[in-house]
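Contents: one structure, followed by commentary.
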């Protein structure tokens, strides 16, 4: 079981923990955090794959993913503030106006 | 599959992996927002450590700087701003019965995770290489080449500013747009 | 065989039959189109002239066709056996070729004479009778239409053509019974008449179809020819026919054909099962009852059977059925007639019983006797009806005999003519009724198919006929005056236009018997239709000669008549009901008066359940049986829709989950199916 | 003889649609424009139909004046049209009915249900206000006429199906928009019903073409090519179970289902009374007289024509179905209160006659069925016209509220009486010729229970007399004012008798009824059943 194999497993695990956070948590901020976690997990496996194939593009990709993650969380939080202003509480179940 | 990392570092990596797993579960089962935020912070730091151990020093530093530093700060700031911690508890009681209970979701996600993991691992062990032999392109950046250029950061710099400079410019514009959007969205409507 | 050929050759084709038919049609069109145009604006002051104009047009037209039939009568009596008209193919589908051809032969000329003679007299009579009615033009149009279809029925050569006239006559009787259509009751009777006729017509239709299938042609002359050749190959017509050669034509199909034709005859001539419409048909104007329900239409059934006499000769069972039903109806109707108080109902039941007589004659095989009785019956029954009409006319529409009495002084002419008519019908000697009834009685004895039982029933009916006719005369004309003062004020003898036909008919009723039409029919074995050898001298069943039968029937009718006159001639104000006279318990009298409750039974068994079934059919079955599929479909889809709605719960994470499941399943499929 | 025109049939088919486009462009509200368009279109198609009728020679029994243009060669579909003796009569019928319908309804053709708002002015001399969106309404009607001609003349199965569906769409709008009060519910039901049926037909057509290609290798949807295909192999009537499993039976059932829903015959008729009640006059006439005949024509041409063995096997069953609908239709008609519903059920009863006639499978019966199609179309047109005229005068469709009209409007009662005669099939009217030959045909079927079937067909005559007279008495005879008691709000019966134009129209119909009754060869000389003899028994 060499290092790379472990990291790959870790990244898959982290990705799905992030997913569970997103799906289970009632609070929007935590949902956003869950997304951050999932992105981070992807970075891990990205880096390991590029390392394995002696390439640098992998790390480059990671860099970009980080930038995007930052942008995404910024916008996410500003939306959250608006959400809070409208609904008064940051629970996901409040936002069901689109109910069928 | 040649082993690029020495035995000691693999053992460190396994330790770090276990640590990140614990912190991730902490984040999942945290009751309050703050605890899960701290959990995430811890996971980020550990992954930065893993990067460092593997040899990706530049990515590790960026990870700490941007992820842990900027984004987490933002999150904690917004948690504090909206001071959500109290309502969390009494909301818990009147949870109406939902069709998709958490256990069912975990049950559904489980097999997917297993499949996903299997694919990642299979690729890393080059299980599929005979099928995808056409695409596997061994890069030129072996350990010695990096050493010869002068370290990981130099290699990254060369790649980033020489071959993919357009990408670099684009990403900066992207960041600019994101910034403006965030300001516009969060601005309080004065009129 | 050659004898038949000779008859065929002396055929003449001329337009005469067409003219006899078209004349009533022309009268019809004149009255329907031109008279209303001429008298468009005018209301009542010109009403009299309108009535006379329309009446005279109608009568003239029928009278001319009467003259034409006399002319045809002379042609026929001289040499040729039939007058054929040119023909064209009516429905011309590949094997069903029916020619639209009219043939007058010896048999149909007699009916033509009767219809046109009695018809014109009744048209004349109804000018007076219907004078004050405002729908009089419509009345004459319908009468002419009736004459047209009756003549068509008589001289139409092919069966569907006869059916054409058959249903046309049914239609006209419907129109004329329901002439005063504002009254619901009359409409019911009219529909009843038409439906009953239609039930009978089903028999006729099926017979036609069976004939077409087994014999192949629908021309009456061809049918009779084939049957007669079929018969003559087995000379003795009285011997029971067993040996069958043609595969389609066996005695069994012939019997079925005869019975089905007889069903049609029952429907039209009101025999046992389908007779209840005739008494109710009296709600029409009286001249209509005289023409349609006494003289012409109801005899169509008898005429049809006589026309198919070779067919009936070939099937003894059918003959037996006809004889029994005829005798049964005669007796049955006679018993009811005695207890009726409405003058027209009495005459209606007497018509049914006389028709029973005619069917008895046909059943026994004495077709000539049947036709002869039909002839004389037409005269005296029309006479009685018209007399009754003038009585009703005089008493302003009163029809109940208990309200008459002692009209002898006020309506002398009607009394005299009605008296002659009643003599004729009850068969007093020297009057036409005597000869024709005696002919039937003797033939019942003489011919093999007859029987002493039938003879007994016939004599009893003759006796009852004498009684109820005498009862009618005595209750209306003799005895105490039972009508109200108001009626007496307007009591007047009918105008001459009504009396002339009465007298003519009275004359015909008396000399009809001796006139010799009788010999015209029998001696020269006139047409290929009726194969009939002379009556044997001695009755086969009872050793009575014709002379003895004649004496006994004369004696019976005289006794019956006198009995009827004396018993029902009351001194007191109130008329004596038959219960007191014949000392029979009240219940029997009530049963007789209510016509054995036959109407109610029919209504209860047939009409009410059918109406109920139809009502439920249209409401219940429509909604629940046929629409069930649609209703169920709608309900299933609606409930399905409701369930799906809950899926859109608005929970963002739920959508994410579904999204995820979708993606992974696609991924999984893509991986497995390598395309 | 003049040279045989080649594209005559295409002209006949597409002429009405040309007029439809014209009617869309011109403002049809104005009365004279409407009269001009309607009259000229119906007259042209009538003249063309008559021209076709007399240059059609009866000798060769195949399709004449046929045209063939490739449409979708890949699937063997072609624009192939042709006329033989059956479709000739149908084209003639469509032309005549359309001519009568347009002649009579040039001004009072709208349904009154939803026009209660307009004031009850009693001087009826000025024409009633024309229908709203008149140009669209007439365009749809004319377009419908094209679809009808198309179905009758198409010899390519897909083309037949194409026109069959096309005919549905205008009908949907005509009833949906201009119908009576509860029109939407009813139209949806009608649409689902017919679509459900024609869906099966489409499947059957495709299957048929596929089987044919498999057998003979020729890919074509032509009627006479498909007829030669050896379909007999696909059916063995040895035992009911075997019959059930043979594909030809299922093809037959699919076709017949679509046609039976369209006619309609009893189990599938529930849409019909509502549609007849709700649709405007012109719509009602077209649907009852012509669209119903599409169904019967299809039965004769496709169900019996293509699948001879199955129709031989199943003909007693279909006759029983026909008889059920005769008796059931008559019984229902006997207890209806609205005049249009009575007409609806009576046409179910007549459709039963036609079905029995067709499935006797011998020349007399089938020709009788064909005659009845023609006669019934005329009869129903007349009845609907009478219904509309009566509605205009008495403002109610409920026959219980009418009564004693014979004295007030005698011409009406005369016209209705003549229609009644044809309804009862009295000898001397045209329907007697048809019904008598159907009866003879049923009797000549050489199955054991033929006499029994014939008895029931004859029995239908009594029931039709029952409901006809009841319906006629409630309207025409009896006491004049039904609503005597609450007299105050009932406006006086200002019924004016038939106008000249209405008398003309009813005169034409009466002429047909009596004329064809006395001399049926006038129209029916040229209608020889051209079904292959192997069907005939």
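By letter and in written order, the chains are A, B, C and D; residue numbering begins at 1 in each of them.
By definition in this document, contacts are C-beta pairs under 8 Å (C-beta built on N, C-alpha and C of every residue); 3 or more make two chains touch, one makes a residue touch a chain.
Note that the coordinates shown come from a computational prediction; the quantities given were computed from them, not determined experimentally.
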Any chain that touches chain C and chain B: A
So which chain ends up in the middle if you average the CA atoms? D
Chain centre separation (chain A, chain C; CA means) in Å: 102
Can you check how far apart chain B and chain D are, centre to centre, with Cα atoms defining each centre and the answer in Å? 75
Chain A and chain B: spacing of chain centres that average the CA atoms, whole Å: 7
With chain centres taken as the means of their Cα atoms, state the distance from chain A to chain D in Å. 70
Listed in rising order, chain B residues that touch 2 or more other chains are 105, 109, 112
Going by the touch rule set out above, which residues of chain C reach two or more other chains? 649, 651, 657, 660
Spell out all pairs of chains that touch, sorted by label. A-B, A-C, B-C, C-D
If we count contacts the way the header does, which residues on chain B are in touch with chain A in the complex? 1, 3-5, 9-10, 13-14, 17, 20-21, 24-25, 27-28, 30, 33, 36-37, 40, 43-44, 47, 50-51, 54-56, 58-59, 62-63, 66-67, 70-71, 74-75, 78-79, 81-82, 84, 87-88, 91, 102, 105-106, 109, 112-113, 116-117, 120-121, 123-125, 136-142, 152, 155-156, 159-160, 164, 167, 171, 174-175, 177-179, 181-183, 185-186, 188
State the interface residues of chain B toward chain C in the complex, per the touch definition above. 98-100, 105, 108-109, 112, 115
Chain C touches which residues of chain D in the complex? 189, 192, 266-270, 273, 328, 331-332, 334-336, 345, 363-364, 367-368, 404, 406-407, 421, 426-428, 433, 436-437, 439-440, 443-444, 451, 454-455, 458-459, 461-462, 465-466, 469-470, 473, 476-480, 518-521, 524-525, 528
Residues of chain A touching chain B in the complex: 1-21, 23-27, 29-30, 32-33, 36-37, 40, 43-45, 47-57, 59-60, 62-64, 66-75, 77-82, 84-85, 89-91
Given the complex with chain B, which residues does chain C contribute to the contact? 649, 651, 654, 657, 660-661, 664, 668
